[in-house]
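Labels run A, B and C following the written order; every chain starts at residue 1.
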Amino acid sequence: MDFSVISDNIEFLMLGLMRSFQLAVFTIVFSLTIACFIAIGRVSSRRAIRYPSAIFVNLLRSNPLILIVFWFFFLVPLITGKTLPEFHTVLIAFVVFFAAYFAEIVRSGIQSVGASQVKAALSTGLTYSQSMRLIVLPQAFRNMLPALVTECVIVFQGTTIAYVIGMREFLHSTSLVAERTVRPVELYLFAALVYLVICFAGTRLALFLEKK
Amino acid sequence: MNYEFDWSLLLQEPNWGWVIEGISNTVQLSLMAWGLALVIGIFIGTIRMAKSRVLRLVGTTYVEIFRNIPLLVQLFLWFFVFPLLLPDDFMRAWNRLDGVPFLTALIGLSLFTAARIAEQIRSGISSIPKGQFLAAYSTGLTEVQTFRHVIIPYAFRVMIPAIASEFLTIFKNSALTLTIGVAEITGAAKTIEAYTFRGIEAYSAASLTYMLTTASVVIFMGWLEHVLRIPGLIGKR
Amino acid sequence: MTLPLVQINNLSLRYGNFVALDDISIDFMPGTCVVICGPSGSGKSSLLRCVNRLEDFDTGDVIFDGQSLKAAQNVSKIRSNIGMVFQHFELYPHLSVMNNITLAPRYVNGVNRDEAEAKANKLLERVGILDQAHKYPDELSGGQQQRAAIARALALEPKLMLFDEPTSALDPEMISEVLQVMRDLARNGMTMLVVTHEMGFARDVADEVVFMDKGKVIERNESGSFFDNPQSDRAKEFIDRVLQKI
């Protein structure tokens, strides 16, 4: 085994890792935002809002991410008439997919704050939206932080799927170098190690937050 | 949007053949991997609760490794790296096997999911009131006997929803195995799309497979929980 | 001279900085019913759990029926001679009452199923819930569950019965049915160590009362004398406070 292949190609590999992070971070930011709206929609008293939100979430959660990516790669050029750069298309697919998962976390976070809290807040004269903003959401956020962090780790792990559509994220970069230098053992083990360290740190963070 | 729908092409050969093969492989792979994952996962989950620190460490290490490396990377490791690490004779025998992609996928999926199941087992067992352990030990049952007759059956019933959802997770994760050559349904859909350019029809076939399976399992789970509500079994405390 | 059934020598137990048991030495004779009482945190439950080594003590030893618990290789075997009843009953929820009772005899003592069930039926009759044999714990009232738990503890024909606040989790109407069973046990000569707040039981049924506070045994006396003539100030205080509530 010759691990120098890794140091020789480290810049290229790190570039790939950066792209993985980019995809993950953009996904998290956008899908979490959308998820908040979907979550509120899920608990809405109006059926016209509740049903579509539920359908959206269940639809997306029933399909594998890789299939959703294929869907979007097919539909986006079809609908928009032009071909977007692959990063953008993948990002859209990821955002839509993970919005459904984040929405469930946000929803259970909101529901974990007992209804009696809302009643207590209302009884002191606060309006519904004030109660939501000042009482419910801060508590909900603290409750769901561990689950959110865990989901972020899952997003990061999910970026490997972008390999399938040829985006140069970390796994794809690794496989390119592995093919070129014919040293798959060293390179894939290295990739596994990098992912292991990053995700392990993430799950530890989630555990730490849970204990607080 | 300029799109000509043609759903009938799904029923034509070779598309139909691909669809059937895809569904069949997906179902087989998922069921077998789930079965294996349960066995391994229950074992790992139990030793994580053992009194021996060494056993606990082994279990924890397993879980952390297989949980934190993305599934796709694990599949690549088993497919590209594992055969090369075998001694020459074994490697040759391995490469001559029929259905190496399927076998690799089976190993990769099982070990990955086993880590997840082990985690659920651990949290399931942790949720059991400590008094149950004390009561069992106080009647003279050994640690092994206590786990076998009291803890595992109790925890199992509490964990049935989680275990069923793990099946759905494996079912969806099987899609990743198309990267190592397994002819499962998502791969079949992609192939059909490549040949016919009718992506919506092709991917719908795949999506339908996943969604129908999900719906069926969810309904089955509801029935199971109802049936198992024989007094005092599922979280009535 | 009969030997004590339980000999506790210089027993100490700490949880981190908290001293649960502080160098306790006490003996219990066979055939006696002893009530252990005291304020919460005094170490009563810890002491009980040390007797069947459900708690690992730091220093000292417990000698049960001539055998040292500290040195014992097979604690499980020793435990099968001691029965324990818990505050929250702790019946196995996934097993019927019958199976709850026969589990240990079958797997610890190798008794076959039919024999175990026959014995269980006798025990169930004794505690008054024979008709509940095939029900699950969740279908029983608190009092019935605790009586089932007592039957489960008796199934191994123990030499000693430990009761850890057996009636504290029961609704008032059900306390007496459980105390009745315990009374019968005492009358039939079972050696019993009972941690409880039920002073009526202590007075009428127990032979002796042990009063503990802050991990130490403060006082020990025959039950009549203890209530009529407490020696220590702590015990006096405790009795006044408890009796006030009755």
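The rule is short, and it goes like this: a contact is a pair of C-beta atoms (placed from the backbone, for glycine too) under 8 Å apart; a residue touches a chain by one contact, two chains touch by 3 or more.
Note that the structure is a prediction, hence the values are computed from the model and not measured.
Novice: Which of line, ring, star, complete and other names the graph you get from chains that touch?
Specialist: Per interface graph, the chains form a line.
Novice: Measuring between mean CA coordinates, which chain is farthest from subunit B?
Specialist: Most distant chain from subunit B: C.
Novice: With chain centres defined as C-alpha means, what is the inter-centre distance between subunit B and subunit C in Å?
Specialist: Result: the chain centres lie 46 Å from each other.
Novice: When the C-alpha atoms of subunit A and subunit B are each averaged to a single point, how far apart are the two points in Å?
Specialist: 21
Novice: If you average the Cα atoms of subunit A and of subunit C to get two centres, how far apart are those centres in Å?
Specialist: That pair's centroid distance is 54 Å.
Novice: Tell me, which residues of subunit A touch at least two other chains?
Specialist: none
Novice: For subunit B, which residues are shared contacts with two or more other chains?
Specialist: none
Novice: Using the touch definition from the top, list the residues of subunit A that touch subunit B in their complex.
Specialist: Residues 59, 61-64, 66-67, 70-71, 74-75, 78-79, 153, 157-158, 160-161, 163-164, 171, 175, 178, 184-185, 188-189, 191-192, 195-196, 199-200, 203 of subunit A touch subunit B in their complex.
Novice: Looking at the complex, which residues from subunit B come into contact with subunit A?
Specialist: Those in contact with subunit A are residues 1, 3, 64-65, 67-74, 76-77, 80-81, 84-85, 172-176, 178-179, 186, 189-190, 193, 199-200, 203, 206-207, 210-211, 214-215.
Novice: Looking at the complex, which residues from subunit C come into contact with subunit B?
Specialist: Checking each residue of subunit C against subunit B gives 49, 52, 54, 76-84, 86, 88, 90-95, 103-104, 107-109, 135-139, 149, 152-153, 155-156, 162.
Novice: So in the complex, which bits of subunit B are touching subunit C?
Specialist: These residues of subunit B touch subunit C: 129, 131-132, 134-142, 145, 149-150, 153-154, 157, 230-233, 236-237.
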